[in-house]
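Structures incoming, each one as structure tokens.
Below, subunit A partners subunit B and then partners subunit C, in two separate complexes.
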Partner chain A sequence: MEKKFGVYICKGCGIGDAIDIEKLSNVAIKDMKIANCKTHDALCSPAGVQVIKDDMKDGVNTIIIAACSPRVKYEEFAFAGTITERVNIREFVAWSQAPKTEDTQSLANDYLTMGIIKTQKGDLPEPKILEDLTSTILVIGGGITGMTAALEAAKAGQKVVLVEKEAQLGGFANKLYKKIPMGAFYREPLIVDTDIDKLAKEVESNPDIKVYKSAKVAKTDGQPGLYDVTIDSNGNSTTEKIGAIVMATGWKPYDASKLDYLGYGKSKNVVTNIEFEEIAKKNNGKILRPSDGKEAKRVAFIQCAGQRNANHLPYCSSMCCATSLKQAKYVRQNPDATAMIFYIDMRTPGRLEGYYKEAQNDPGVMLTKADVTGVSEAASGNLFVEADNTLLGEKIKVEADLVVLATGMIPTTREPQEYLDNLVKEAAKGDDAKKAYLESTPKPEYILNLAYRQGPEIPSLEGAYGFADSNFICFQYETRRTGVYAAGCVRQPMNMSEAQEDAAGAAFKAIQCVDHAARGVAVHPRAWDVTFPDPMLIRCTACKRCTEECPFGAIEEDEKGIPFYKVNRCRRCGTCMGACPERIVQFKDYSVDIIGSMIKSVECPEDEFRIICLVCENDAYPALDTAGINHKQIDPSVRFVSLRCLGGMNLVWVADALSKGVDGVLLLGCKFGENYQCHFVKGSELANYRFSKIGETLNRLQLEAERVTMMQVAINEYDKLPDMINEFVEKVKEIGPNPFKEF
Partner chain B sequence: MAENKTALVIGGGFSGLTAAVEIAEAGQDVVIVEKNPYLGGKVAQLNKYFWKLCPPVCGLEINFKRIKNNGQVRFYTLAEVQDIKGEEGNFDVTVKVNPRYVNDKCVACDACAQACPSYRSNEFNFGMDKTKAAYIPFNQAFPFTYVIDAKACSKDCGKACAAACKYDAIDLNMKPETINLKVGAIVMATGWDLYDATRMDILGFGKVQNVITNMMMERLSAPNGPTGGKIVRPSDGKEVKNIAFVQCAGSRDENHLPYCSYICCLASLKQSMYIREQYPDSKATIFYIDLRTPGLYEHRFLWKAKEDPNVTLTKGKVAGITEDPATKDVIVEVEDIFSGGKVKATFDMVVLAAGMVPGTKDSKIVKDVSYTPDGFVDASTAKKGIYAVGTLKSPADVVRSVQDATGVAMKSIQSLRRR
Partner chain C sequence: MAEQVIKPDLEFVKGVMAAGGDSLKKCYQCATCSVVCKVTPDKNPFPRKEMVWAQWGLKEKFQGNPDVWLCHQCSDCTAYCPRGAKPGEVLGAIRKQSIKQYSAPGALVDMVNKKALLPLIFIFPAVLLAVLLSAAGTFGIPEGDIVFSKFAPIRFIQVVFTPALLFGLAVGAVGMKRFWDDMKKANKVYSGDFMTSLISTVKDIAGHNRFKKCNENADRFTSHFLVFYGFVAAAIATALGVLYIDIMGMESPFRLGYGTPVKIFGNLGAIGIIAGIILMMSNRFKHAEKLGGAGSYFDWLLITIIAVLGISGFLAQLSRIAGVATIAYPVYFIHLVFVLSLFIYLPFSKLAHMFYRGAAICFNKYSGRE
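For the complex of A and B:
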């Protein structure tokens, strides 16, 4: 596109009072040689917008708007088919600086220059749409979650391939005798058929769902819209073309043999909640105990067996309290039988409370808060449950015919994750340790078997205990493998009806993903973005930093170690761009050169301080904007340059800025660590890692380390942020001007 | 066949917003009808989320950005659905849009608010402070457009706001408008309201000055709240160094809300952390029946609170709350569950963990569905093409609401794509 520029400066909202608009116009006209520079009293007004539209009729296609923040007036200033750059001289200048000072003027001048450079260097992006895309959804796991996901996707008109490792569909629900009714009311009957067979039949008879049983995914190669998935089933190997994947492989019960302190393994009449289901199912509801087949008339349920416990599972599996209440109903099908439930906290959140209430109203169900201290054998195969701190008295000892342990769930992702994490740890010690580990450790069953450089499974998440969770509260279906959406108990502990809702959600995200691949746009969180990384590979040194650092495993390597993008896996965060020491990664409107040239354009007068502040556009930028809205004063020496994610921060920018005479560089990114807030998961953490290497650069330049700092900020810290920035500026001023200014 | 390929989302809180952007990102048009002058609902009023202690506006900002960039989401604020006719794929919806008295030309320069002589109780901060009658709901609101509260407007100020506005953005003659929408699917996402705490006589809310609700506590802790985030008590502005949280204030009580409101245990644990972080010498006590922190929260949240020696978790039902007239301190009487008997303790301030009432309890706009006596939607009875989300079906946290809203997005596109 041949660019025809137009610069439009707004004088409204106090901008005209704070900035000399004529001088600012001269930056465009004289310094940047853009003759077409217009000003308006209220550029966002219909008359103001018309000025731009009229120019567009004359061929203006590259529009620089110096006005308010891009967070507002987005409809007024949306001009399809153009390069439009918003230069924030309202919140960042007029509203946060002293009016009509030289400092304020040069700040506005620098922002306008940077905005113009960005449009000069950037290009209008066009979507990259790959060929031979497919929209078929693969669902891994044929339990209630997987079957629901498959049916929901099929109902939306999608083709589905379902892979189940067992010989029949149904998963854990197959083992269940009954389930809790799912309607809006909890009233008799309080236990109902699971109807899992009906669901399985519906799946198998659906013409849009192809079912593989006794099958597993042997290999997943490719990228969203273009996966080749090899499925091994009954000795045959088939390859399916797949667009996106729902991972619904569920959970395994916690290994009860570790619960000998609760009598498991010592007495046959101590069983897990799953074994109890099997007993009830096998005997059509009759509770016949394992040791002697006698009907158990006093059944004790011990909640949180090996859960909420640092030595076992530190989390709560969410569904066990309600499950035990349900199983108490199995017991109570015999009116002479009683059930006793020992709990730490009865967790029946939401309307499930009504289910708990029904149990409380049943005189044959005894419920007490208790710390169970032990289970010991009594006469004739019976058991004593001993407990402390109960509602019935301090220490109690109750005899039961059968004890049921409410054991928790372990996601199927945990074993492979642990295996792979340990492998990385051992490999770091050297080849011998790695070899020894591989030889001595049995390889677990992989789920996805991704043919990805970064490994075959979804990477583990700190504090998620192997669950394929996102750690995002607002965005539940994020994983670090684009196109793979976890659903059900593999994602988070949940009950059956929640798992069915979750299945619909994950299947929906999978559909969205194939749709976006077809349109050549990114998926969340930059779902509108048509740009994509396009490196100048001729200059690549095969250092592998991009392939190692990409938070989403989007980059592969050829045999020479040269990277290539699987672009549909890419989330467009630009972390690769920040990682690249050769500065070759570029997007049409975002590159090392574009940002670097913007930074280099900042004037560094000898007698003044200049600070470059690189900010994450998702959180730090809105926080700065809000500070401006609140008219908080920020030191005028600071120039904000926004990045898609701080992970895109390239050290060359810092080095160039400092060697040019910039006195300090401040990096503002999201919080990282266990409770990370980075929308690209690892971006800010990687920026911090890179930042830690900055000493080398500073040493080389013989500059003080304190001139460069990284801060973690949250979007609501706009009240503190100006002070944090101003303090940094003060610190830099104490160090003194950058000696490179003289050159 | 679905004639109308647009989805209607009633309610622009986090559930509705999620459903809307998700549907739009699947390529369908969406209209949000929101009764407040801003989007974001309750989540916009929260200081931090449990368990990450991250700011909810972070996720809202991303969703607003998705709306700004997507182009397929339209929204009406200050609007209410009045009538729904028709069938899946072909609904006729009547929407009343109440006047904002400020048009799209507003640049949010604050001149109108500065000129306005009248004040109104700020409901965003639960009446703990006032704004001008011309106001912006909060400083990260979306849309970032001012609004004039006609009820608070003095009308004899000579239209000071309009005179102050340089952008021709104020139109005090705006009238309510009725618009008709043709849509193919409807998402009910009107969320929840806090249970009216004055109904619980023994807990003193409304009579004892230093008894507040959990939602008020969120505003008191928020940097854009009435105190700029400083947690001080209402009676005298004293720093709150000794606080109590009363769990199940209304919830799990046949006389009030028979169900559990899901979020209150986690919310009180979180709020105890607000206090502990702000005042290192403070103490927090939580009176509970059961501590309900299901899922992965246990280790990361409940244990974290338990590790703090200045946080006390006491199983016990609160029997009464009174005020010390001299100090305005709050006296809490608690039944000791283990030993029987009653214990009294005094606090600077008490937070009632008040429960959730579904938005459909008092406002049953959608007729083609049945409701439980508590006002929840019985989703199984909903007419084809109408879907309820999140807390309309059962109390839920943001995580579950987002999950459900995404699931409902699936149901909606099924309705829109149906042949």
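For the complex of A and C:
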């Protein structure tokens, strides 16, 4: 594309009061040689936008708008078929600097220069739309979540393939005697039929849903819009063309044999909540205990049977409290029977609080907070529950006919994850250890069997306890495998009605995914982005860093070890760009060269300090905008450069900046570790890793290590951020000017 | 603390719920009630713990439990309860269970306070009186000036009502003793001198000191004070009557047309009872919404007895002054029926609180907990 430039400077929102607009215009006109530079009192107004549109009629196709943050007014400033660059001189300059000072002016000048350079270096992106795309949704798991997801997708007009490993649909709900009613209010009866067979019938009779029962996914190959999924069912193997996947494989109960301290395994009359359902179902509601078939009239429920316990499950399984209340109502079908519930905390979130209240109103449902210290045998098969710190006032012991352990949920993803993680650990010790591990450890059931370089399953994540979660704060359903959306208890512990909501959400994310693939646009979070990584492979050394570091497993290798992208898996974070030592990864508007050139364009006068601050666009940038909106003052020596993700940070930028005379470099990424908030899961963590290698560069330049710092910031920390930045600037000023300035 | 084997009793739970504590199960043990309560001791405060014991049907916990009787049901707790569990009402219902336990035979407590048996509660003393009066040969409307002793001779009153009152007091006293012993058994006695405690208790009751601590329902002080001292005045007037007639051989101080000091004193008592009980009733309706209802059947039975007793007594006097025999004698008969009811049901109705609350307040001081 032959570029024809136009620079448009807005004077509104206080910009004209803070910045000398004529001087700023001269940066475009004189320094950057763009004669077509216009100013306007309110560029976002229809009249202002018309100025740009009129120029477009005259052939302007590369538009630089110096006005407000790109996070606002994006509809007004959307000009199809152009390169449009927004230069943030409102939040970053006018609203966070002293008006009309020389420092403020040079800051605005630098930003405009950087924006112009970005458009000069960049190109108009064309979306990459792959051929032979399909939009069929695969749902793995035929429980309440999977069936709901399949129906929701079918209702939205998609073709659906449903894979269920059991011989019939229904999942865990098949084991239940009754369920908690769904609806706005909880009133008696508090236990109702699950009606799971009706849902199964609806799924099986839907012409748009193809159901495989007694089936497993043997292989998932390809990428969103282009998956080839091999399904093994009753000895047959079929391959289906799939667009996106909803993973609804649910959960398994925690292994109660580890709960011997609660009497499990010692007495037949200590059962899990799942076994209790089976008893109730088998006897049509009568609670006949396993040891002697006698009706249990005093039933004790022990909550958190392993949950919220560091030795068992560190998390809350969310549904067990309500389940025990429901099961207490099974017991109470006999009006003379009592159900005693021992809890650490009753956790019935949301509307279930109403269920708790209703169930508690039953005189035979007795509740107390308690630390159950043990379950011991009493006469004739009965049991004593012993508890301390009860609300009843002391250590108590109560006799029961039957004890139910409210065991928790383990996601079906956990076993494969643990197996694979341990395999990696053993493999690192050598081939013998790996071989021994493979021989000694039974291979768990895989779910996806991805034919991905990074492994067959969703990778594990610190703090996710094996659940298929990728960013619990911002995007539910997303996993670290683009195109695979987790729903229901495989994602997070939840109850049936929550699972159904989840199912609909994940189904719509899957539909969105195939839609974006069809348009050649990235999926969340850069859901507008038509650029894609396009490496200059001729210079690739097959070092494999990109393939290993991609948070989404988007990069495969050919037989020579040369990487190639499965572009529909890519989320355009640019982590590969940060990984590549050869700096060959580039996007049309984002590359090592583009960002590097922008940084190098910053003026470094001898008598002044200059700090480059590389900013994550997802958390730090919005926080800086908010700081600007709140008119928080930031040191004028700082230049912010926005990155898609700090994971894309290439060390050469730091080296270039410092050797040019920049006095300090600050990296602003999002939180990583246990409470990570990275939109690309691993970006800021990788940036931190790369940052740890910066010492070599600084040593080479003989510069102080303190000149470069990385900070973690959350989107809501706008109030702290200016101080954090200003303190860093002060520290750099204490060190003194960069000696390279003189060169 | 030593481990304790507990035995949940579903029937006890149902009993409390049926006796006016139907909100019992709503409690989720936040202990707001124990925090807002003005009359609870700081150590092991009520009513939070009583709520969970009752939910679990731990009736043995209420054996010798002074705390349910330390509560005056001012209902501060009920007003602040975030879940509508009405601890005040529940404790009231538990007190009924406590009366059942100590006033022998306990079954009478249920019978007296059973809605279905309501007419019987009054038909029984009415028939009894009618039969006795017929036996005495005075049942009917006498001729001439209205003199109530023509209908029910003084001797008759003494012979029938004194044993009735003594019966009520004796049952109550036995129950109080059993309760006292149970309290001693269930609670470690720390310190305290019995006589000092007793004197302090009498002072508390006389001054209605505990009532004064209430916030939400401070009007109850006035109404209970009026009824309480109304009865005290009536009792003194009656005693003076006995003194005049039987001991000093004088004419009745209550005779028509004479405004003796004793009679004036008795009338002041009557006004106190009537004014107090009307205030009590209006308070219950006034605060019903805030304090979780106007009360249970158990409450209203006693209120009704006292109200009818007071009003009928006063009406009998007025109709006597007016000289309408056809009204005066029947109304007087009603008055006697309700006085008799009050006496014989004394340990089985809510009035039994005079024994158990008194004992509990005293024990609380005696044990040094207060």
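We adopt the following convention: the second predicted complex is superposed on the first by the 707 of 743 C-alpha atoms of A that agree within 3 Å, B and C clash if a C-alpha of one lies under 4 Å from a C-alpha of the other, contacts with A are read in each partner's own complex, and residues count from 1 in each chain.
In this section, a contact is a pair of C-beta atoms (placed from the backbone, for glycine too) under 8 Å apart; a residue touches a chain by one contact, two chains touch by 3 or more.
Please read all numbers here as calculations on a predicted model, not as lab measurements.
Bringing the complexes onto one copy of subunit A puts subunit B in a clash with subunit C.
In the superposed model, A:M346 makes contact with both subunit B and subunit C. Using the contact criterion defined above for the overlaid structures, shared-chain residue A:D336 touches subunit C, although it does not reach subunit B. In the superposition on chain A, contact of A:E399 is made with subunit C only, not with subunit B.
When the two structures are aligned on the shared chain, A:L391 is found in touch with subunit B and with subunit C. Comparing subunit B with subunit C, the partner in contact with more residues of subunit A is B.
Once the two complexes are overlaid on the shared chain, A:D362 sits against subunit C while remaining clear of subunit B. Using the contact criterion defined above for the overlaid structures, shared-chain residue A:Y477 touches subunit B, although it does not reach subunit C. Once the two complexes are laid over each other on the shared chain, residue contacts for A:E685 go to neither subunit B nor subunit C. Judged by the touch definition given at the top, the superposed model places A:K155 against subunit B, while subunit C stays out of reach.
Annotation: subunit A residues 346, 357, 369, 391, 394 touch subunit B in one complex and subunit C in the other. Looking at the complex, you find that subunit C touches subunit A at residues 1-8, 10, 13-14, 17, 24-26, 28-29, 49, 52-53, 55-58, 83. Considering their complex, residues 12-14, 41-42, 44-46, 68, 71-74, 78, 152, 155-157, 183-185, 308, 310, 314-316, 318, 343, 345-354, 357, 369, 389, 391, 394, 463-465, 467, 469, 471-477, 492-494, 498, 501-509, 511-512, 515-516, 519, 524-525, 527-528, 618-619, 622, 626, 629-630, 671, 674-675, 677, 679, 714-719 of subunit A touch subunit B.
Taken in their complex, subunit A has these residues touching subunit C: 298, 336, 338, 340, 346, 357, 360-369, 386, 391-399. Considering their complex, residues 14, 18, 22, 25-27, 47, 49, 52-63, 65-66, 68-71, 105, 107-109, 139-140, 144, 166-168, 222-224, 228-229, 252, 258-262, 290-300, 303, 315, 337-338, 372, 376-381, 393-396, 398-400, 402-411, 413-414, 417, 419 of subunit B touch subunit A.
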